[in-house]
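Chain IDs A, B and C follow the sequence of writing; residue 1 opens each chain.
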């Protein structure tokens, strides 16, 4: 990636954003009728669909049953045309399996799992177009889908990535910034209580810089939360307006 | 595929209705449901289309890559179909659950497009026997609400229409072939899809048959006939599906209906695509944000 | 002012309540609990994680809420509703539009379809919990000793249930890993809909028999004494 300047002299990033600026977020709850809950989110050019089914009786092998809480079952898949180079398989590769596990961990922390013992909740995430921050968009979409499905949760889960480029922390990194070899810090938080439920760092970052990058990522989560929150409130208000007319 | 269980009374009701050309949602036997189509949604593909036919939602992405042609067809490009049934549609598709249906769908699409008159693959050849464009057509089933095959084929046609492939210049230099990619992003070639087929599924209900069966109608239909029909009414593929049987005379009837409906369907689809194309990139894409 | 009082009440380590927690996002925190939200013009929209009120002796966290660190929070996206319980407490609930997600819980009345009858127990699939239809059925089991309250040792399963019967039952335990344990040991519980061998819906004649209107043959069942006021007609409309 020689010659590629991630941060211009004027302090702007490749796509013209300021270091602490998020990409445009557009989202919608309840895009499908068939699923119990569904949501679609666009963060810049990253587009993700999520569907939630359940809680229902455990499907498949009954040995997975948990007697004191609900089983959160996730599946992360990417459309074969979602990436720059065509993917051979939509799921089942190491990266998607890892992502599935991460999603499972994240949502186990946020869902009130003890309310539905011996049942199962399915969270299916489908990345339609990927431009960096797939995990973050997936988490945000799944949160909206869970809210749409009415699954009791402690709080929203919002995820955001951040990086560190030429002495400046940058938030919500896109594919170019992600693949330039710099540090990448991915955080999922419960934004209201500022609890971190997922944290992952790739590549090298000096310990002294961890603080500012982490703070920026957490701030990013809060900003994303504000957007999602508005979308949920609009959706609830709209749903009721519709039902009261009937 | 969410299983729908109907009682005998409900089935009889639907079948009797169809005999009088009245379907449970008010359509006639040869009417399609409301259909929405949008092209160019996924910006990192060569072409894409999203279709919503009642509750069936399909996203198709087309990617063009350079590769080697098949040895038996050295002067032709390649067209590859891949179908993924997303678990979003129903939890039964989780893991490998949707693979059976996906294979069935992709082989039907491949069969319909196999006819040499419907897509000129020779235009996709770059250097005979060495290099050609491989067009990967990836179909993603997002929601299942009946009549998957028709919807998928319409979406595929729209996505292929939307596809633009960069123009290549080939220069021969002492037995050495050089391929140059045009720098101009607008210097592209389109794929001619006017003659491409759409699949029309005819479901036999009682003594009559209907097009675009809803999931309820699919539940009480025993035999289906799937036809790949082009704009001129040529039937490029035919497949009978389902546990029931058909006699020759009803196959003939269905073939006639299929051709009639298929021609009209292709015509209106091309009209919509053409008018959309004129508006061009200026139009506001709503995608899933409806 | 309120911030201060909270700070005094909760220790400093709990980062949630320091000043920072209030600043950046709108928490819709409305101070100590609103006296009666139902009287407000528009009901308040709640979202998961939203703090509703302090959790003290005067309030109970109802459906759609949970309590943590001395506060009641919303766990759903919906509307705030309060009610007064018998012991003078305020019950705080968050109500959602549309269908609710339910799973059978202990003591709930469920509707189930019998699938399999054996001499010691019968298996069934639970299709309804309370008044809510389930999208997916759950497996249930009625053991011989749970069919009726009296003369338990004389119960014959084949004379109590047949496959296809619709029964009302109470969940007595979450059972083993296979299925929920159900009981019909109450007058109001037992078979409510059954078809005779001739394929006709039967009418109850006593607590243990039902009669086929077509063949006039009587069949044995553990019949529920359905209370008229609980009968609910649904489907085809008026």
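Assume a contact is a pair of C-beta atoms (placed from the backbone, for glycine too) under 8 Å apart; a residue touches a chain by one contact, two chains touch by 3 or more.
Remember, predicted model here, so these are calculated numbers, not experimental data.
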If a chain touches chain A and chain B alike, it appears here: none
Most centrally placed chain, judged by C-alpha centres: A
Chain whose mean Cα position lies farthest from chain C: B
Euclidean distance of C-alpha centroids - chain A vs chain C, Å: 32
Chain centre separation in whole Å, for chain C relative to chain B (CA means): 45
Touching residues on chain A, where the partner in the complex is chain B: 26-28, 31-35, 38, 40, 42, 45, 47, 49-51, 53, 59, 73, 75, 77, 79-84, 86, 90, 122, 124, 126, 128-129, 131
Complex interface listing, chain B residues touching chain A: 2, 42-45, 48, 55, 57, 59, 61-63, 65, 82, 84, 86-91, 94-95, 136, 138, 140, 142-145, 287-290
Complex contacts: residues of chain C adjacent to chain A: 15-16, 20-21, 24-27, 45, 47-51, 64, 66, 68, 73, 75-79, 96-98, 100-101, 103, 135-139, 174, 177-178
Touching residues on chain A, where the partner in the complex is chain C: 36, 54-57, 62, 65, 67, 112, 116-119, 147-156, 190-194, 219, 222, 225-226, 229, 232-233, 235-237, 239-240, 243
